[in-house]
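The structures come next, written out as structure tokens.
You will see two complexes here that share chain A, one where it goes with chain B and one where it goes with chain C.
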Partner chain A sequence: MTDLLNIENLHLEFDTYDGLVKVLAGVDLRMRRGDVLGLVGETGCGKSMTALSVPRLIPMPPGRITAGRVQFNGEDILNKSESDMEAFRARHLGMIFQDPVTNLNPLFTIREQLVDAVLYQQAQGKKVPGRWRGFAPSARQLRQDAHERAVELMRLTGIPDGDRRIYDYPHQFSGGMRQRVLIAMALAGDPDLLIADEPTTALDVTIQAQILRLIRSLVSQLGLTVLLITHNLGVVARSCERVAVMYAGRVVEEAPVRELFRNPKHPYTRGLIAAVPQKEVTRGGLEGIPGMIPNLIDPPSGCRFHPRCQHVMSVCRQTVPAPVTVGEQHSTSCYLYEAPK
Partner chain B sequence: MNIRFYILRRVALIIPTLVGLSLLTFAIARIVPGDPVGLAAGPRATEEIKEALRVEFGLDQPLPIQYIDYISGLFQGDWGQSLYTRREVLGDLRAFWPATLELTTAAVIIATLLGVPAGVISAMYRNRLPDHVARVLSLFFVSFPSFWLAMIFQTWFGRDLGLFPIGKRLPVLIAPPPATTGLFLVDSLVQLDFETFAVSLRHLFIPALVLSFGAFASITRITRASMVEALEKDFVRMERAIGIPYRIIIFKYVLRNALIATITVISLNFGWLMAGAILIETIFDWPGLGLYAVHASLSLDFQPIMGIAILYGIVFSVVNILTDIVYGILDPRIRYG
Partner chain C sequence: MSALLEVDNLKKYFPVRGGVLNRRLSDFRAVDDVSFALQHGKTLGLVGESGSGKTTIGKCILRLLEPTAGSITYAGADITHIKARDLRRLRSEIQMIYQAPAASLNGRMTVGQIIGEPLWIHERLKGNAARDRVLELMHVVGLKEEHYYRYPHEFSGGQQQRIGIARALAVQPRLLVLDEPTSALDVSVQAQILNLLQDLQDRFDLTYLFISHDLGVVRYMCDEVALLYLGKIVEVAATDVIFEQPKHPYTQALISAIPEPDPDMQRDEIILTGDLTLATGQGCPFAPRCHAQLLDQCETLPPPLLAIEPRHQVACHLHGESA
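Presenting the complex of A and B:
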């Protein structure tokens, strides 16, 4: 079976006034149909940029992909034309973002936005009869069907009273409801892959739990494939099957969720897990990772984690470790686990 | 709150605005040094003739009394009369204002029809060739004085190419359509007189085009700026990510966000153009309010000055109310109250 998504050795740079920022330095990520993969890491480690490279929404310039490829269903998407990309996104992708307040257009009703999402995702890049030419019976039927599908999507994402509330504007919805609307828009065309970029970060804790539950139930109902980006290990533990941990533009460890939490291998992953507050610890017990995230204009040589690593060896400063298998479906890029030569 | 109540309240609020405006204009018109009666009566007039004029126009009364007389006349439909021509101000405004209104409205329409697309294209192709062309054009149009451009256009299109008439609203031999609104385009259409319509459209085109340039520039710039801002919004990325075509995003979703600022500039321009039409009216021999206003203020003819100020005050207020209503149509988050 070919992978649904295969990101290989992806390098991305950003031109800034301060210099060239090496945002991604060889990201490898594979997803099969039905996977629910969590992508975790600190702010600025390149999780969102990895995610945005799939719909190819990284602003270029200033961004530039210098090496690597992104394959979807075996098809290389980095050299598609822009209009092919539009059709590709409509057909295969759904995406939700962090802030449900700014991600809905404030001037249009939910109906307007959701019906358009349905129409254009179903059309997959072909022409959709516009509003003013929409008086032909066939076009009217199309819009009527899209409207019904929109109401159905609202029901599916747990928005009560969809047939009435669809006429409301975004500001008449709460944050959690807006995120549900955005999920409904992302799902309008039955996407093969749903990319969720920090979907709960801007929400209250109780609402976070509801949205995560919704995503999980959609996964089981629709058999969705989800790439969930977050900096919150708790979110990963609750919603994903596999985790990829990123640090400074590279995936440093990848494993099934249970395996990763029980048996973290990479020193960075260990530090991350140690930094999660535990119920039992009452005072002074939180452990952090010493040091700061590196400056990606002038990143550390070799393994980018080496300046903060307790187990640093001389080889870490010189060459980049390749992923090694350390368990079932468990791999990490660290010289500590290199098979002795 | 209900929109009908909102409009009523805004209309009622015009009255205090106009009171303030009239007080100010009245004061300025009287404080300006110079003797309007002396100017009107001529250099050889005797003291008795001047005195008679003063009594006739109430200038012998104290200023507050004069003001009250004027305002109470206003409410009875008596806008006073010109010291020079002895004509009723209201009648003059009725005769001259439609020409200016027609010219300004046409200019604003041209500026909007050209400026909004230019701004949108500019923002879509930011920092690329179409953007540079639009920016240079708008810079060009704000930098060159409109009276100079007016004369150049008159020479090219009117004299050298003979495509358009050089001036006036209609040729001497064509009678203006019966005045219902005073706008020749509207009146001739009402009469189904398409020939007059076409002729007056040709007369209108060049002056309106030249008058529109300044407004075109500012509309283009503000549309570009607010489009660029709106294109950076999160929802644009979301719409692209789920596969809505860029064309739809631009013209449906982003444009409406950008238009709010543009509408403001359009309505401001409408007012500025009406006041700024004087030069264009002079060059194209356009019988509008501009010329009338210049004559009145040069000769300190105070009643027409007051009349024009009040008319423009009303126009500005009405345009402002309309703009606020359009805001509410564009942005559902705006509540009236």
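Presenting the complex of A and C:
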């Protein structure tokens, strides 16, 4: 089976006043249909840029992809024309981002925005409702269908009283409900891949729990494929089947979720897990990772984690470690696990 | 053992204005009859979702906000209505650390000036004496000497928080109100700052009021925890009691919602419906979201905060005298 998404050796740079920022330095990421993959790592490690390379929404310039490729369903995305890209996004991708406030227009009702999203998907050729096949439906009929679909999407995303509340404005919804509306919009075109970038970070824990449950139920109901980006390991543990851990522009470890938490290999992954104040940790027992994330204008040579690593060896400073298999579907890029040559 | 800080029946109401004359239409009860005591050298966690009144309580204690009612006692003295001229002395006893380090540091001052300013204000310390103290404080919080002439924007969030902590410590306070001190930080840096705060507490005999919405962090930092819901304390007890035997349905739900990095953790996840806005103004404020079997009085009578054990209080009809 071909992968749904295959990101290979992706390199991305940003041209800034201070210099060239080497944001992604060889990202590899593959997803199959039905995967729920968590992409974790701390602020600035390149999670959002990796995700935005799929819809090709990275601002260029100042951004520049200097190497690598992104394939979707076996098709190369990076050399598509802008108009093909627009249709591609509408047909295949749904996206939700961290902050529901900035992503809904306060001046329009939910109906206007959701119906627009549905109509836009249809205009991009995604869906022609079955009963109109062979006829050219009137604009009014299309709008009526889109309205029904919008209410259906609200029901699907757990917004009560959709047929009434669809006439409300965003400010009449709570943060959690607005996030549901955004999920509904992302689902409008029946996407092959849902990209959720920190979808619960701005929400309170009880609302976060609601949204994570919703995403899980959408996965099982619709068989969605989800790329879930988060800095929160707990969110990954609750929602994902596989995890990729990023550090400073590279994926440093990848494994099924249980395996990753039970048997973390990369010193960064281990440090990240040990830094979460868990139940067993008593006063004074929490371990941080010394130092801080590197400046990507002048990133560390070799393994980019080496200045913070307790196990650093001389080879770590010289060359970039390649991914090695350390278990079933489990790989990591670290010289500790490389068989001696 | 007497408490270093005692808060009794604290209320803070904000006016809700409207109409053409912008008249006071009603009150918004941001803090509604909150009482707690904080023992010397201990850490009390104040937990709740955003809007539950945590920051407002902190600001009332520092007298950055005027309480509507109730009293605040610090080291045996009533500071509720302390005069403006005594405020400076109070501020050398109680300091606040904020969530967004960047916003709370003056961007036009160097690190040395930021940390040195309170030394001048409170002790008229300047010149080499001030500089030595600043360098000592910088060392204590893990900043380097070469950071002295740099500006806050040149630092990462974690380093900025260290600057804020050094500045707060400059006046040798006894009580720190820490308002979500690590919420804006990445987890690896959060761990560094939490450990620093614990070290400082032991070293300088500090007392902490630790405000957070992260129960995992609170479990690590606090001796006692008070849970707030819409301006009221719904449960307060020693940390292990809160986590092992939570009684209030809200506490139970919050604990079950902690995103623990452990996919195998067996737990009965309690997912609450709705959000804070559902409160009706009658009965228990949590009733519209409650997952327990409700009693008749849940929707009519506000439950009082009652002790079910000597140091364990709960505001829930299921655990009241009537239950």
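Here is the rule we go by: the second predicted complex is superposed on the first by the 327 of 341 C-alpha atoms of A that agree within 3 Å, B and C clash if a C-alpha of one lies under 4 Å from a C-alpha of the other, contacts with A are read in each partner's own complex, and residues count from 1 in each chain.
Operating definition for what follows: contacts are C-beta pairs under 8 Å (C-beta built on N, C-alpha and C of every residue); 3 or more make two chains touch, one makes a residue touch a chain.
This is a predicted model, so every value here is computed, not measured.
Annotation: superposed three-chain arrangement on chain A; chain B versus chain C shows no clash, the two fitting side by side.
When both complexes are overlaid on chain A, the residue A:210 reaches chain C alone and has no touch with chain B. By the touch criterion defined above, A:42 reaches chain C but does not reach chain B.
Contacts of A:235 after superposition on the shared chain: chain C is touched, whereas chain B is not. In the overlay built on the shared chain, the residue A:337 is in contact with neither chain B nor chain C. Chain B and chain C, viewed from the C-alpha centre of chain A in the overlaid structures, lie at an angle of 80 degrees when rounded to the nearest 10. Of the two partner chains, chain B is the only one touched by A:188; chain C is not. Once you line the two complexes up on chain A, you'll see the smallest CA to CA distance from chain B to chain C is 5 Å.
The residues of chain B lying in touch with chain A in their complex are 233-235, 237-246, 248, 252-253, 256-257, 330-333.
Contacts from chain C toward chain A in the complex involve residues 49-50, 156, 158-159, 186-192, 194-195, 198, 213, 215-217, 219-221, 243, 253-254, 256-265, 269, 271-273, 275, 277.
Residues 42-43, 174-176, 204-210, 213, 231-238, 257-258, 261-262, 271-279, 281, 283-284, 286-290, 292-293 of chain A touch chain C in their complex. Residue ranges of chain A in contact with chain B, taken from their complex: 55, 57, 82, 86-91, 93-97, 99, 102-109, 116-117, 120-121, 124-125, 169, 171, 182, 185-186, 188-189, 195.
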